[in-house]
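In the two assemblies presented below, chain A is common to both, partnered first by chain B and then by chain C.
Entry: the complex of A and B
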């Protein structure tokens, strides 16, 4: 009986690995297959021939380079804005006590429950009156709004981890608040800022719904919108380059998650949930 | 991880400020001024960019706002909600949303619990599995949807090919068939959400000291007994909170299903958010759509509150018993 436990565990683990990993393998394999092979009835994971030119074709395809650029611009702008706004606020949130802190934390939790549709409706009306629908500036603003609460939550966690005694020691030595912030808090906060910035970048890079609602002209499309616009005409669109484009679109967040892997498995989310 | 750090903070709140203010009242006041100077510039953008849209979104639900060139809308009280009560399409979509959110949340929890226990039991291949478990989490929803459309593809898809190879029917059009579309989409939902739940549960499992398991094993407890008496008590609060969050996230899901099926076939996968989106941006009834959003939030919050309350109750009963 006992001797059977380990093999059973490995069998279960193998099933999980296949379930989680196979779709991704299939996407990568499709990204180097020829259209002929993708539409043929002989289905195999290993491509008959490796068509790396799918990647070149995906990039050369009209719009894909442009929309990658749009995605990068929007993600960079909203990340910069989020960090700029969240840094002072997170510091205050972490150091303040009492009602303000409760209200701040309560707000963050509430904003996680609200469906995005309730945020986009008023923002859409406001952005339209100032002419920022179908605009990357407008989209960057909306992404900022959307990412801000969680970024605030992440950053204030990092601030809380810096012992307040350190700041008090600095104050005792006669340094004023700004010097304390600059010399003691910010250097210690740097890893937290980097992690939060990466999180904001990836949220914006992956985001689909707001871009779908706001952007109308193909010139303004971000990468997820361009990719999804290829789907409708699956017959017309070459699947190989579509898969290649999808692989490229997934790279930034996969890089982020592998960099953060230790911290994520160390319970970033568990901490966020429990706090 | 540092996000866990806020927890101890309230403890110092109770004793901290009072003793400080007795000793150094002036310094405390100066600090408060500084704090206000810091709060204002950080508070204003948050009020403008985060609080205001939500408040306005709720307010819109009580108007007849339409998405037209010259918007001219009036306060109509609860008209939208009265109309909504009789909208059978909305409630059908609501029902689909509940089926989707409950199935994905429950199955995802079971699958994640299994994987977390495996990862916690000292098998080889740990790193590979951990990395694999993170990948679905990292992928953009659009890419996930494109990928699964290829898997489910009726003619050249690997799923049908595999079924055909073992002699099962291999011509199911998974995402377009009335009876298979919702289950097929639910599987993708589990795939996407499982990693996050696994990682959270694993973090909880690793907080349980190994000696406890050993002690239980020495006492002759079997695997199931060890799980229920050693791991489960410390996992319980984590399970409650991750289930609540998953349920909310799943109920509010949009992108994945929009790209997979656009709510089809025949509305079989029309999640409430898709329905609301179409009402707002295709039918252009923004006020009515906002009312739908409000109803959805209220129902979800009520359900989660009830669930958490029942968890809390049975927690207390257990402790007393």
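Entry: the complex of A and C
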């Protein structure tokens, strides 16, 4: 019975991976199918004929490469800003006691309840006043602001999980507050930072509405805006090129995740506190 | 070492962003230098590669012929464009020339965002636009846009399947709904159905074709409009229901699909006919199996004629533009017959002017049924729903779910009529 447990675990894991990966596989499959096959009743993962011209059409589409670069810049900048601001703030929120902390946490939650459509017009006017509409800097700031509350919430959970005993032990060994943070807290926080960075990156990478409204020049368009142009009026959709564009667009995101996922490991604190 | 790498990457990102921000320059604001040419921004929603090319070609020709008025295309997508425009209008950054559709510009016109083009529209153009189409862009007596492109609903048929069933392909100027029903009955056999009709979002279709049965749904305009759900309005939904469940000639699954999705059954030979937006002629030509011999049937006609409510794509001018007159001149240029025909050929749509329809018919001949499709262009009538303030809300929250329940046999015709009326009363109370 026990011998069957491990294979069953692997089988369940494989099924889960297939479940998660199938939409991506289907996307890749659609990206090399002809329009006729995509609109037929014949359903198969492998295309009847391989139509690589979908990729050529996607690349020929105005600004796909440029908008990918814009998305990379905005997502990286907003992720960096979110982490820079959220790390110290999360530490304070997690360690602080009393009314200020309650008010801070309450504000984080309240800030999540406003629908985007409600804030877009005042936001547009504010950004226009400071000359940051139609600007990637403006968009990166908006993404930072929009992602920050949840990132803060996420990160303070990770900080809370670090035993205060570790900090006290460091202090007893003569480390000052800054050293404790730098040598003990921040290294232990690494998995949380990585998870939060991934969340921030994906939020910015996929964000459509703010980019749609704030960006005016095609040169500044981000990827979701360019990809949306494959969906036309009167219900027309260039499905093959859209799938090809989406596959190409996923590459930077996959690279970012491959680099980051190695850092996303838990168990760093195993055995750190005894007794 | 790794930390240093991350820091360098972060610095590079921020530097790149700042450089982009400094060099971006933003979109044109419609202004000009003291002595320079007038610059106009034209927010275009052209989405198909051929349409983008046609638009660029027209603009390039204009720019060459009019060095004192230069037009810059600002491409945008249909997705989310209403929200983008409303923000642009409120934020004072809307483009000079706006591409959109009649159903959506009426609220903008009522709110005072669009210039009155009545005086700018030439007599030649005005006379060239069929009355019903011109009415669709006339708000409170003001022409607020030039109509450019439209679609009509047409029936497409598998010629071989009709002939096998002993049906003579209709060739008249129009075809009655009774004929369509008879052909559907004649071609339904075993697993094969007579008709596929993608009615996942049925409201637009029922609204567009209601005039053929004397239905108008709405009387009055703005907040004073009233809804009537009578025989004329109920005729088409009831006919579809009868064909689907009494005649059993409509493939049931297609009633839950979009028009494009329903085409798959047509390609597979599971149905003999399909009702689609006319633009699908281009997709059928591209995607249908090579051995599928298909034909466009004549425009459908009800007891009150072959009229279909017009909801054309439009070109309008931002009322805050410093160059309304120049913008209107540019739109006059775009709507010249040869330009409008080129745009519509690229988009597989029907031009909004008679002369462009004739030119396109001349260019395309009977290829892919275009002569038949273009003949439907003269049957467009005004669409009262365009001018009703609460229409969009009623459509999304009341009408579409009510029609879907009716087509799924969850409610009967009487309940449908009651739900449509009571839903409207609730919204407008």
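To be clear about the criterion, the second predicted complex is superposed on the first by the 194 of 275 C-alpha atoms of A that agree within 3 Å, B and C clash if a C-alpha of one lies under 4 Å from a C-alpha of the other, contacts with A are read in each partner's own complex, and residues count from 1 in each chain.
In this section, a contact is a pair of C-beta atoms (placed from the backbone, for glycine too) under 8 Å apart; a residue touches a chain by one contact, two chains touch by 3 or more.
Quick caveat, the model's predicted, so the values are computed rather than measured.
Using the contact criterion defined above for the overlaid structures, shared-chain residue A:140 touches chain C, although it does not reach chain B. Of the two partner chains, neither chain B nor chain C is touched by A:172. Contacts of A:19 after superposition on the shared chain: chain B is touched, whereas chain C is not. Of the two partner chains placed around the shared chain by superposition, neither chain B nor chain C is touched by A:8.
When both complexes are overlaid on chain A, the residue A:46 reaches neither chain B nor chain C. In the superposition on chain A, contact of A:242 is made with chain B only, not with chain C. When the shared chain is aligned, chain C comes close enough to touch A:220, but chain B does not.
Counting the residues of chain A touched by each of chain B and chain C gives the higher count for B. Contacts of A:99 after superposition on the shared chain: neither chain B nor chain C is touched.
In the superposed model, A:154 makes contact with chain B only, not with chain C.
Looking at chain A, you'll find residues 39-41, 117, 121, 124-125, 208-209, 212-213, 228, 231, 234 touch chain B in one structure and chain C in the other. The touching residues of chain A, counted against chain C in their complex, run 34-36, 39-41, 57, 60-62, 70, 73-74, 76-77, 80, 117, 120-121, 124-125, 128, 132-138, 140, 208-209, 212-213, 216-220, 225, 228-238. By the touch criterion stated above, chain A contacts chain B in their complex at residues 5-6, 9-10, 12-13, 16-17, 19-24, 26-27, 30, 38-41, 43, 45, 85-86, 88-89, 91-92, 94-98, 100-101, 105, 107, 110-119, 121-126, 141, 144-145, 148-149, 152-154, 156-158, 160-161, 177, 192, 202, 205-206, 208-209, 212-213, 223-224, 227-228, 231, 234, 239, 242-243, 246-247, 249-250, 253-254, 256-258, 261, 263-275. Touching chain A in their complex are the following residues of chain C: 9-10, 13-14, 16-18, 20-21, 24-27, 45, 47-49, 52, 74-80, 83-84, 86-88, 90-93, 101, 151, 258-260, 263-265, 267-268, 270, 277, 279, 283, 286-289, 313, 349.
In the complex of the two chains, the chain B residues touching chain A come out as 1-7, 9-10, 12-13, 16-17, 34-35, 38-39, 41-43, 45-46, 49-54, 56-60, 65, 67, 71, 111, 114-115, 118, 121, 123, 125, 128-143, 145-151, 155-158, 161, 191, 194-196, 199-200, 202-204, 206, 223, 237-238, 241-242, 245, 248, 252, 254-255, 258-259, 273, 276-277, 280-281, 286, 289-290, 293-294, 296-297, 300-301, 304.
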